[in-house]
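Heads up: the structure comes next, in structure tokens.
Order of writing sets the chain letters: A, B and C. Residues in each chain are counted from 1.
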Amino acid sequence: MSLALSVRTVRKQFGGLVAVNNVSFDVHDGELFGLIGPNGSGKTTMLNMISGALKPTSGEIMLGHDRISGLAAHHIARKGVARTFQLVKVLPSLDAEENIMAGAVFGHQRLWGEEARSLARQLLERVGLGGREHMPVSAMTYIDQKRIELARALASNPRVLLLDEWLAGLNPSELQIGIELIAELRAEGRTIIMVEHVMDAIRTLCDRCVVMSSGVKIAEGGVAETLSDPEVVRAYLGDDDA
Amino acid sequence: MSELPFGITQKELRIGIGIAVAAGIAALLPLFDQGYYLSLSVNLMLYAALCTAWTLFSGPTHYVSLASAAFFGLGTYAVALGVESIPFPILVAFGAVAAAILAGLVGAATLRLSGVYFVIFTLGLAELVRQVVTWAQAKFTGKTGLYVFTDFREMHIFWMLLALTIAIFITGWLINRSRLGFAMQIIGNDETVARHVGIDTARSKILLFMISGAFIGIAGAICAPRYAYIQPPSAFNPQISFLVVIMALLGGTKRLWGPLVGVVPFIFVMDFVAARLPNQMPIVMGIAFLAIVYFVPNGVTGVLEKALAKWKARNAPAPQAVADKPAEVRP
Amino acid sequence: MQIIVTGILLSGTYALIALGLTLQYGVARIMNLANGETLVAGCFIAFWLFASFAINPILGLFIIAPLAFAFNWGIYQVALKPLVDRAKNRGQLEVDSILATFGLMFLLQGLMISGFGGEYHSYQFLSERFEIFGSAYGLNRVVAFIAAVVIAAVLYYFLYRTRLGTAVRAVAVDPNSANLVAIDVAKVAAVTFALGGALTACGGALLSTFYTFNASMGVTFTMKALIIVIMGGVGDVRGAVVAALILGIAETLVATYIDPGLTIAATYTLFIIILLVRPQGIFGRRTT
């Protein structure tokens, strides 16, 4: 299997604080990869470095054969990386359709006009919001706004999709729907990296995962083995339960 | 509904025809008066062009540009330098290009940073350009000013400025429908998202600033024949920058036609003050700025739109209960 | 060598003006474009005290500083606090405060021109020779420099050795966190804004002892102060001093060797270099 994304001894330092300490891992094409760990472990910083919101202090990130670490976020986006955000970021003055078009117009496919519009409508259907093209996004529920954000990310047909705690803040039935949606995306062959806290989702969805704690990688591998690793349990729950 | 070419909507067509008619009527003005009212109208048309060009950029980005005098002066000087030997339209083009280049440089230096740097930089820009031009002129030519003699009269300048204003509106409309306009909308909503969907935010802002600056430069070039003798302090007069901002903000910058609402009354106020209380111009400008910031931060059009929204809400049919659609389950 | 010393002497006054603005912008978060008008007012009041009552400008500082403090405090409460309360985020406050102080600048300048006329003024105070390393300088410039150093030292003591000063530094770093540790941010902001105005007015009074001034020069000094503040790092006192030194020396160099008419070009070149190379300023922290 070819490598979609390769993180090589990446380090991020903010002044005296080391948020990510020489972490390496590989993500294969078509994998659903989990990036997990307790709060403050550096996983969102890691994701931000992949998407270009931050630059690594040292180390490399490769997208296929291209080096993307150090590039500006819009260059990385055009190379085929799309993401959702921890606090959902929809574009309030645009309607649902235009929000999704935003993802398609400037990515590496550079669609415009009717092409972009019809893709947006397809994706709207795909995430379960069919028929609401012209609804203002600020009037939508939280889960619907998350779906818009996901559709926007899909609109650029990314090589790697980054989901930043996309399942957070959902009630049980919404969670079920969200997990099914992601499972379908995986079945289509998408490469997805998920930063997540919801353990059920990790167990059901992910092929492999990496566990970080205090900036360091403490486990990598199949989901079952990593989650039963004593180190991982200690990181999440403390010494008594290891 | 009949399909119009280029995807123009019925509403846009109506607005377009309305503007064409208004412009046609305005164009007839010089045939009726060649003195005071024509002069006033030239000022009006000048600031209509300047404020609309300013709003092209500062409206969507909320970056307050105080650089208008610098671009204007460059346009004036482009004409003044070559008027003896080079045809007028080419000189206007030079002015536009010079202004665009300056805008590009300023933009590249400051638009990657927050709005404060931009305002400060543009504040002194006209003075900077004036100083450099004065020094260069004294050093290389030994003169302090340039003579401009053309066959253009006030009414030709009026028509040219009218044409320029219409051109700016058409450009604004085209930009709104283009990728650049879409990008600016997204940037205005959330700049982080803009970057992550692949928009080069700095480049978009710089490009828009260059277009705006070029139009201001053209206005400066068109106005050069108005004065027989051009000197740096009058060509690069900082007051131009300030007046543009006052009128544009007074009118409101959410819509491209907003500034016109501010230009028309303020030109009359300015005319009055210039005639009766010429030394109090700074005080008038100060009060105008303060009044705008405290009472009409979104301009007169902002006030009107708020009132319209309230009126609509009061007269709207009773809202239907928004049914909470059960989340659709995919089979 | 003579140029360096002249530049240093000049920079003392520049530093005071910049310190005033860096306090107003860094702590009260007000980009005060009317700062130069406070400076000009300082010039005129010092002149008036000297010409009408023969009070020398150094003593006059003790009158001018409290006056400027009270005036700026009043401006903050009446004109600027409503904007602070109304602003939804920092960016909006910055733009609003720029426009409001811009309006204030015109208003104050217009009033001063009406009151004092547009002509240039200067007066003779300690303009005898003073020798440093064998070259002659005006005693007034030297005295102004020393006074500026003293005032800056007092400011340093205030900021780093008193409770209120520490509160001021805390608000400069993060107003929200300062609020959480029981600092009355609104009061500190008002006091700091007033203090900044007092510093600038002192700078103006000292400037008037050796510089020919007029009612409309405020804008030029506002711009220089702004550029110094940004060069040094917003809210950073050491930065303002260092940047003032650089500017003072650079301006004197350009005026002597290239052309006195290109001083603004020199200032701008420094500004451009800082923006391209290190926009947060020499001592500034890069905001993520």
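Here is the rule we use: a residue touches a chain if its C-beta (ideal position, glycine included) is under 8 Å from a C-beta of that chain, and two chains touch if they have at least 3 such contacts.
All figures in this text were calculated on a predicted structure; none of them were measured in a lab.
Trainee: In this assembly, which chains make contact with chain B and also with chain C?
Mentor: Both chain B and chain C are touched by no common chain, going by the contact rule given at the top.
Trainee: Please give the pair of chains with the highest number of C-beta contact pairs.
Mentor: B-C
Trainee: Kindly work out which chain lies most centrally, taking the average of its C-alpha atoms as its position.
Mentor: Here the chain at the core of the arrangement is B.
Trainee: Look at all chain centres (mean of CA atoms) and spot the one farthest from the centre of chain B.
Mentor: Following the centroid criterion, the farthest chain would be A.
Trainee: With centres defined as the mean C-alpha position, give me the chain B-chain C separation in Å.
Mentor: Computed value for the inter-centroid distance: 33 Å.
Trainee: Can you give the whole-Å distance between the Cα centres of chain A and chain C?
Mentor: From the centre of chain A to the centre of chain C is 49 Å.
Trainee: Where the CA atoms of chain A average out and where those of chain B average out, how many Å apart are those spots?
Mentor: Roughly 42 Å separates the two chain centres.
Trainee: Sort out for me which residues of chain C touch chain B in the complex.
Mentor: Listed in rising order, the residues are 31, 33, 79, 82-83, 91, 94-96, 98-100, 102-111, 113-114, 219-220, 223, 226-227, 230, 259, 261-262, 264-265, 267-268, 271-272, 275-276, 279.
Trainee: Please output the residues of chain B touching chain C within their complex, sorted ascending.
Mentor: 62, 64, 109-110, 113-117, 119-121, 123-124, 127-128, 131-132, 134-135, 238, 242, 245, 249, 279-294, 297
Trainee: Quick check: in the complex, which residue numbers of chain B touch chain A?
Mentor: For chain B paired with chain A, touching residues are 7, 179, 182-183, 185-186, 188-190, 192-201, 327-330.
Trainee: Could you please specify the touching residues of chain A with respect to chain B in the complex?
Mentor: Against chain B, chain A makes touches at 51-53, 72-74, 77-78, 82-83, 85, 89, 91-94, 101-103, 105-108, 112-113, 128, 143, 152, 156, 173-174, 177, 180-181, 184.
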